[in-house]
Every structure is written in structure tokens, then in C-alpha cells.
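Common to both upcoming complexes is chain A, partnered first by chain B, then by chain C.
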Partner chain A sequence: MDMSAPLLTGYGIWVPVAWLAASVVAGIVIYLLWKTGESSYKKGTELERPYLSGNMEPEKGAVHVRASNLYWGFLQALKGYYDVLVPVHTGVLTDYMIWFVAVTAAILVFVGVLS
Partner chain B sequence: MLTDIILTVAGAVLVGIFGIIVAFFLMGIDRIVTARMQARIGPPLIQPLTDMRKLFTKENVVPANAIPWLFNMAPVVALASAITILLYIPVGGFPPVLSGGGDLILVMYLLTLPALALVAGGFSSGSPYATVGAQREMVTMIAYEFPLAVVIIAIAWKLTVSGIPLPFMLASVQANPVWGLVGPLGIIGILILFFVLLIVTPAELSRIPFDTPEAETELAGGVLVEYSGKNLALFTLTQGVKTVVMASLVVALFIPYRLSAILPTPAILQPVLDLLFYLVLVVLVSFIAVSLIRVSMARFRINQVVSAYWMYLSLVGIAGMLLIMADHILGVV
Partner chain C sequence: MTFSDFIITNAPVLLVAIPLLAAFLCPVMGKISSMVRNFWVMGMMLVTAAVAFILAYRVFVTGPVIYVFGAAAANLAIPLDSGGIPIRIIFTVDAMSAFMDIICAIVGVSVLLYSLSAESRNSSLEGYYTLFFLMIVGVFGMVSTGDIFNFFVFLEILSLASAGLIAYRIDGGLAVEAALKYFILSTLGAIFVLFAIGIFYGQYNALNIAMIAERMQFSMLDKIALVLLVAALAMKCGAVPLHFWTPDAYSMAPSSVTAFLVVASQASLYGLFRVVFTMYNITMNCVTVGWIIIIFGVLSMVVGVTMAIPQKDIKRLMAYHAVSQTGYMLLGVGVGLAVLGNAGLTSAFGFMAMEGGIFHIFNHAMYKGLLFLTAGAIIYRIGTRDLNKMGGLGHTMKYTMIFFMIGALAIAGIPPFNGFASKLMIYESVYLFNPLLAIIAMVVSILTLASFVKVFHSVFMGPKLPEYADVKEAPLPMLIGMGILAAIVILFGLFPQPVVEILVAPAAHALADQGGYIASVLGGA
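The block that comes next holds the complex of A and B.
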């Protein structure tokens, strides 16, 4: 397989090698620009402590933000949707089977009506 | 083959330099216009460049809790990936450097790369503020992807049913301005999609009212709180280049016209005229999508950002798409 050949989707094109080459060139140029800047700082001083609005830094575990907070904004905004959806996930296999059969039947009726 | 590679590399470097210059220009214009709307005089046009030069001379502090290699690499990756997107979009009235190398779907995915680099930088900072900021950046990214996809798919669908091959290619969009393919109902639909893309732009750029990942007043800069010196300079410049990217994308999708094709101009002056016209359009888009919205509104909470994009703006976008479809069906009938 020719790695440099474009991937044709029928609606568009992507040439991964061209993107990779362009990214590498851009990355090298930006890295060289970055290297021209000042790299030093006063090590072992207050500068290295995380900024916490003047508060003392608590123990590492106490300031750890848990991964469960990741989607807080998302869950909060779509609360109405999740309030319905979460209780439906009972963990009981027969419940899932009923949903599966019911949704499949609904789709078949819908497709039948359309055709 | 070798000539092609050399020309592509030269083009990439030139477009990168051009993108950075226009980024400084847009950042300068934004600061002046914003100041004038707030009854201030504002800084000179070159202030962003002066700020950047100063940041390059400042200490580049790496926090004790940080992962140094990731912390330092994130701004380089962010800026490099933002510049790479410019190679797929028509800039300055010229066709894209990699015009045959990618389509709108690719551009949509590439737009997430600078944001992901910012998220990686935030998580690697080892600061609670930065972690919360990085999480908000991810949620914001998920939120605006859907309306952005609706805009792109609606335009590509219209090109497909109009019998235009490769509808996701920007060259196809440019050669067939979508305004000329629809009737009155479709024009209303396109105006709605135009509005949706203008509202997606400030979220892509983390600007007010969608600057919740940085949120100076509550997160003290959030995802960027631990960044200083040259690293902060590169992230700031990334935001400028992304402004050029988004404004150029809006122009390419909705205003893909060249002034030289309308006004009779000597051949030698045509590129200059097209470049000036492009700059005017980009400044106009940047003014509406960034400066005007920034001055007129306050920051949304993160859950309001998700509601705004996933519910209101998505519905508005889908309504625009349905109008274009209705226009097509009625036109065919």
C-alpha cells in the first residue's frame, strides 16, 4: 500500500503523510522560536509552588481534582436527560432485553411505515 | 517529487509567518476596538507584539508539581498544530497550500488539536486551578463540536444534492458559493448557519462569554495559571493564530469571493486586491465574533456553555439545515 496516497472517502480527501510532514516542519520552526526565549528561573523558591490565591498548599491528595468532575458541566446542563436515563440503567439483564426488543420493534414499525 | 516537497515546505513556512503576522494584527485591532467601545483609548496596534517580545525575556517557571517535558511541549504543539490548520484553509485570497491534502472533516478534527494541547498543558501543571480549567476546556470542546458539525454537514449536503463532486473539499465550497445554489428559504437557512458559526468562534478561541476554562476572576487564569514567559507567549500566540483560522474558515465557507473577479483589475494587482479584501473580511468577522460579543456579554458558567451549544445553538443550526433541505425539496417539486 502506498502510504503517501490520498485516502478518498467519496466526499473528501485526506493525505495523512502531508499532514504529518507539515506538522513536523511547523513543530521544528516553533521549537526553534521557543528556544530563543529565556529558559531560566529561580529554582527551589516560592516561584515553583502552585498558585492558590495566597493560601497555603494543602497535602497533594487534598487538592487532587477527581476524574469524576470532568463532565460536571455536561451532566449539570443535561440534568433533565440524565435524570430520566440513569434510573433506566438498572443493571438487570432482563430490563435491557426488554428495551432491546421494544426499540427494535419500534424501529421496524417506523421503517415499515416509511417504506 | 522533490520540487513538490520543497515547495510545500516553503509554502508552509510562508503561510505560518503570514498567519502569525495577521494574528498580531487581529489581536492589536481587537484590543483597540474593545478599548474604544469601553470609552478607553487603548494600546497601539503593535502592543501584542511588544507583549510577546517581553514575555520571551521573562522567567519561564516550571512548577514543582508539573511534568516538565509535557508542560513545556504543550505550547509548542498548540502553536504548531494551529499553524498547520492554516495550510488547509484559503488564506489571503490564495488557495490552501495543502488544498488536495484534506477536507472540511479534517479541518474540524484539526481544530481540536490546539485545545487538546492546552488541556494537556493544564493537566501537566499540577495545579488545582489548571486542572479545573483543563476539564472545562474539554467540556467546552465537546459542547461546540456538534453545532460546528451541523454547519459543515449542511453546506456539504447542499453541494452534494447540487451535483458538485467532493462536497467536503474547501476548493469545491470556494468554487460554488452556497448562496448561489439556494432559493429564498435556503438563504434564510444559510444566514442562520452563518450566525451559528459566528457564535461557535468565541468558544473555539476561549473568549468571553465562553472563557470558562480561563475565568480570571474565579480560576485566576485556569488552564494557563501556572504558565509564564515564553510558554505563555506561545499559548497567547496560538489564540491569535486560531482567530485567523476561524475567521478564514468563516470567510471560506460563507464569503468565498475574490474582489479581483468582480472589479476589472490589472493582473499584477489582483493578488494585492484579493489580499486586502481578505484582510477586511477577516477583521470584520473577528470584530463581530470576538470583540463585539466580548464587550457586550459576561461569562457563562460551564453548564450554561453546554446548554447554549447542545440545546439552543444546535436546535438553531438544525433549523437552518432543515430550511436548506426544505428549499431544495420545494425547488425540485
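The block that comes next holds the complex of A and C.
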């Protein structure tokens, strides 16, 4: 059994080991580039403090972008879709049961039991 | 008979008997001391997993294993005086069953190890472990049995134990409500399954799956039974639009239980595939039923991932992703079913689509289990599921963050993790069937990545927050539990072809080969 054999997808192949080797080479190149950067940084000094145009640094909790603020634009762009989809998830058990029975009826039609 | 022969011969029944013994002696062990109880549950889980691996090895090397309860010989499926009907309870463990057994064993060990720390602060742990082992019994029984009524019994054991564990934390009544919803829907589904079994028994005088498959006429009654089984098992595996219980139950259960609920849902998925491939196969209209499963799959992928993005509860978000990933499995295997009657299309891409879907079952159990365990570790340390209240945990929970990254990249289908390998197989084979379906699957992967970038940023990135200044890394047993799953996610991603050759392809062959399944039971009598 060849452990590193490429994955045959029926249409092409996937060679993870080659991908990993390429990633390692890319990582080495990135590291070498990083090493050429400025080395005067000193830990625990003023260099660590963010510069906000001379303003005081806000509280740590205030600068963290919270989950609800992420993808606001995506959700607004799909507002019409979400206005339909979210209310369907009512959390009401009887609604869940209605969906179950309705989908069963739909499958009965598709399979040809009901016409 | 030597001890090893005894184990090998009786492995199918031991797979259920050992966890049953573990479950019902757990309260006794708990009376002695908590340490004895912990050794007991961990030891019994390891023994159960070892039996599962022994059985799986036997199946993959020598072929399907038949175990007939109460027969003179374990493989005597049809008693001499039964009129040719296999009347006894029978376990039929083929490669597909063994494949599911391996999943259950690996996740079971990881989750139980994790639970030793994660649940240590809670009371009634004897009840917790008893119910957990009953879940193990339910899954092993469902995927191993060759008797449709027996399948119903194990389905009920699994549902009852799962409902008990979903309600375990109570959580101001919210967990109990989630459990009640799950329980009532499961009962409704179980009634559908029982009604279908009644139809089979009325028509064919048999409960044995192989016997029913051999006699299948696809009459109007068989069509009704098929619809009842498809609807019930699609609901149990969380396919859209029957998924509503999933976010409620997954988010309210303890995280270790949620990780195993993924496997429990996959046992129902196995049941769905077993019904359509083994019981009905080409006697039914494969194109119609295949497309029904494909539609379930596409809806699950799209609705699951789009509902995940706006979630603020980390476990609810992950629950919707579990729904979305189930869609990939339904899509892959649905395409395989849709072209089952056409040998040319099956060999061109149908079988590959099935392999992709089945491989994704395994991969999903590993990375989704891992993600739920990381969520549990975070909740264990900071006491909230609200993503809006999290941040900066990457400074203190480094190992948990690394495990989360591995799981998140795998679920998004990023190479070289295991999710990429199975998704690639699905993309390429499904593209040949219908390019639009493959494009939808790829877009869903991109949205999955976007969603987990949000979680990663919200939980681990940002400055160290004052309220979490004293937060520590998760305890060692929890890290080991996560580490086992993370290691498999990486290994199966780096070396996918041997996994496909050894585990996945035989499982797909076993599923598609109805004649082989029937012959292994009825032909061996």
C-alpha cells in the first residue's frame, strides 16, 4: 500500500504530499522575506502601543470587533432572503411537525403514490 | 474455543453487549467512587472500540459477517424448520456497517475521554454515562443489524438516550424544551418507521432486510413504506426542511454529547442509504428517489450555511453547519442513486459520487466532532456560548485555537485536511452529473469558510479581554480527546487514497451491491 498515492477522483488526481511540500517551500520563502524586515522592534516598550493620531488607546474590550458586527453587509444584501428564511425557524414544535407531515406528503406525490 | 476465537466469533453481539453492561453497571461503580466509575467507563469504551476494530478488520479482510442470535451456529441464518424464512434476530455486518462502526468507535473514545473533564463539575454523572453508553448501543445496533424491526428498536434506544442527554444540563428549562422537541419529533419519525415495518411484514412475512430485499415488488404499499422511511430518516439525520430540531438540540446538549449526536444523526443517514440501496435498489425508480435525496442535499447545504452565518451562539452556528455538511453526503450518495440503474453513468461518475459522500460521512464525524469539542472547551472556560461576549482567547487557549483551526479548515474544504479530499471527489463527480449542483456545493464551501473566519476572529483574535484575564487552557483529557480527532483530520487529509481504497470503496461497493448483501444472508444458510 503506497501511503502517498494520489487521490483518484475519477476526473483528476490530488497529491496532498506534493501540496504540502510546495507549502513548506513557500513557507521558507516567506520566512526569508520576513527576516529581511526591520529588526529594531523591542518588546515591552512604547513600540507595542498602537498610535491613534495622538488619541488615547480605548479599552481593550472596545477595540475588539464583535461577532454581530461581522458580515453586516452580507446580511443586508440578502435581507429579502433572510426575511423569509429566519421567520420559518419559529422554534415551535407544532410547526416542526407540520413541516414533517407536509414534506412526507410532497414525497408521496413525487414517488407517485398521490397524483 | 480460545478467548480470541470467542471474541472474533461473537464480536457483533459484543459490540452491543459490552456497552449495555457498561451502561447498567455504571451506577454501581459510581457508588464505589468517582474514580472507579471513570476507570470503568473509559475501560469499557476502549474494550468496545477494540471489538469494533476487530470486527471491522474481519469484515474488510474476509467479507460480511453474519451473526444469528440463538442459532446453533452464528452464521445459520435460516433454521431448517422455518420454511426458508430467517426468523431469528440477525446482525449483518458488511463493509458499510463496519465503516460506520469505526466512526462510532473513534468518536466514542474521544468524546468519553473529553467528558471525564468536561462533565466533572456536574452532578448525576452515573446517569450521564449510562445514557451515553445507551447512545453507543443505539448507534452500533442500528448500523449492524440485519433486521428492520431490530433497527427500529435500536433507533428508539438511541432517541431516548439522546433526549435524556440533551436535557441533561436543564439550563433553566431550555435544554429540557430542546429535548422535548427532539423526543416528540423522533417519536413521530419512529411511528413512521414502525408503520413501514408493518407494511413489509404484512406483504412479505419477513422482517429480515435481506429477505425483504429479495421479495421486494415495489407495489403501491412498498412505495408508501419507502416514503415513510425516507421522510423519517431524513428528519432524523437533519436534512432541510426537516432539520428544525437540530440547532435546538445540538446547541443545548453538553458539547461532548453534541459531538456524538453528529454520529447519531449519521446512523440515521446510514439507515436511509441502507433502505434505498439494499432494500429497494433498482426495483424502485432510482432517478426520482435519487433526485429527492439530491434536493434534500442541496437544500441542506444552502439553508444550513446561510442560517449559520448570522448566528451569535457558537454551538447553534456549528449546528447549522452540521446540517449543511449533511447536505454534501446526501448530494454525493443521491447522485450515485440517481444513476444506479445505468451501468455506464455509474462507472463514469456515480460510484465516485457515492464514495465521496461516504468518505464525507467519516470526515464530517471527525472534524465536526472536533469543532463541537473545541466549542465545549471554550464554554467550559468562559461560561458563555455568546460569540458577542468572546474575544482574545487565542492568547490563553492556544491548543484549543489550533484544534479549532484544524477543524474549521477541514469543514471549509481547505487542503490538505480531510474535508478537502471528500469534497473534491463530490465536486468532480457531481459536476459530470449536473454542473450547477457542483457549483452550489463549492459556493457553500466558500460561505462555510467565511462563517468560520467570523467565529475564529470573534473567539480567538483581538486583544486579551480583561474579563478573561484568568482564563486557562482546557484540561488535558479534553485536549487529548480533541487531539485524537485532529490527528485523524490531518492524517486522512494527507493520505486519502489508502483510506478510500481500504475503507470507503468497500463500503460503497457493499451499499450498492444488493445481490451480495442478500446472498451473504440467505445464500449462506
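Going forward, the second predicted complex is superposed on the first by the 86 of 115 C-alpha atoms of A that agree within 3 Å, B and C clash if a C-alpha of one lies under 4 Å from a C-alpha of the other, contacts with A are read in each partner's own complex, and residues count from 1 in each chain.
Please note the rule applied: contacts are C-beta pairs under 8 Å (C-beta built on N, C-alpha and C of every residue); 3 or more make two chains touch, one makes a residue touch a chain.
Model, not experiment: these values are computed from the prediction.
A:V29 contacts which: chain B (first), chain C (second), both, neither?
A:V29 sits against chain B, while chain C stays out of touch.
One more residue to check, A:F100. First (chain B), second (chain C), both or neither?
second
Under the stated touch criterion, which partner chain does A:H89 make contact with: chain B (first), chain C (second), both, or neither?
second
Contact-wise, after the overlay, does A:W14 reach chain B, chain C, both or neither (first, second, both, neither)?
both
Now for A:Y51: first (chain B), second (chain C), both, or neither, which partner does it touch?
first
According to the stated criteria, A:G37 is in contact with first (chain B), second (chain C), both, or neither; which is it?
first
For chain A, which residues belong to both interfaces, chain B and chain C?
After superposing on chain A, chain A residues 6, 9, 11-12, 14, 19, 23, 60, 63-65, 70-71, 74, 78 contact both chain B and chain C.
Report the residues of chain A in contact with chain B in the complex, numbered from low to high.
The touching residues are 6, 9, 11-15, 18-19, 21-23, 25-27, 29-31, 33-34, 36-42, 47-53, 60, 63-65, 69-74, 76-78.
Given the complex with chain C, which residues does chain A contribute to the contact?
1-12, 14, 16-17, 19-20, 23, 59-61, 63-68, 70-71, 74-75, 78, 81-82, 85-86, 89, 91, 93, 95-97, 99-100, 103-104, 107-108, 110-113
Which residues, counting only chain C, touch chain A once they are in their complex?
That would be residues 180-181, 184-185, 188-189, 192, 220, 223-224, 226-228, 230-231, 234-235, 241-242, 244-245, 247-248, 285, 288-289, 292, 303, 306-307, 309-310, 312, 348-349, 352, 387-388, 390-392, 415-416, 420-421, 424-425, 428-429, 431-432, 450, 454-455, 457-458, 461-467, 493-498, 500-502 of chain C.
Could you list, by residue number, the parts of chain B that touch chain A in their complex?
5, 8-9, 12-13, 16, 55-65, 72, 75-77, 79-81, 83-84, 87, 97-98, 100-106, 110, 125-132, 135-136, 138-139, 142-143, 156, 160, 166-169, 212, 220, 225-226, 229-231, 233-234, 301-307, 310-311
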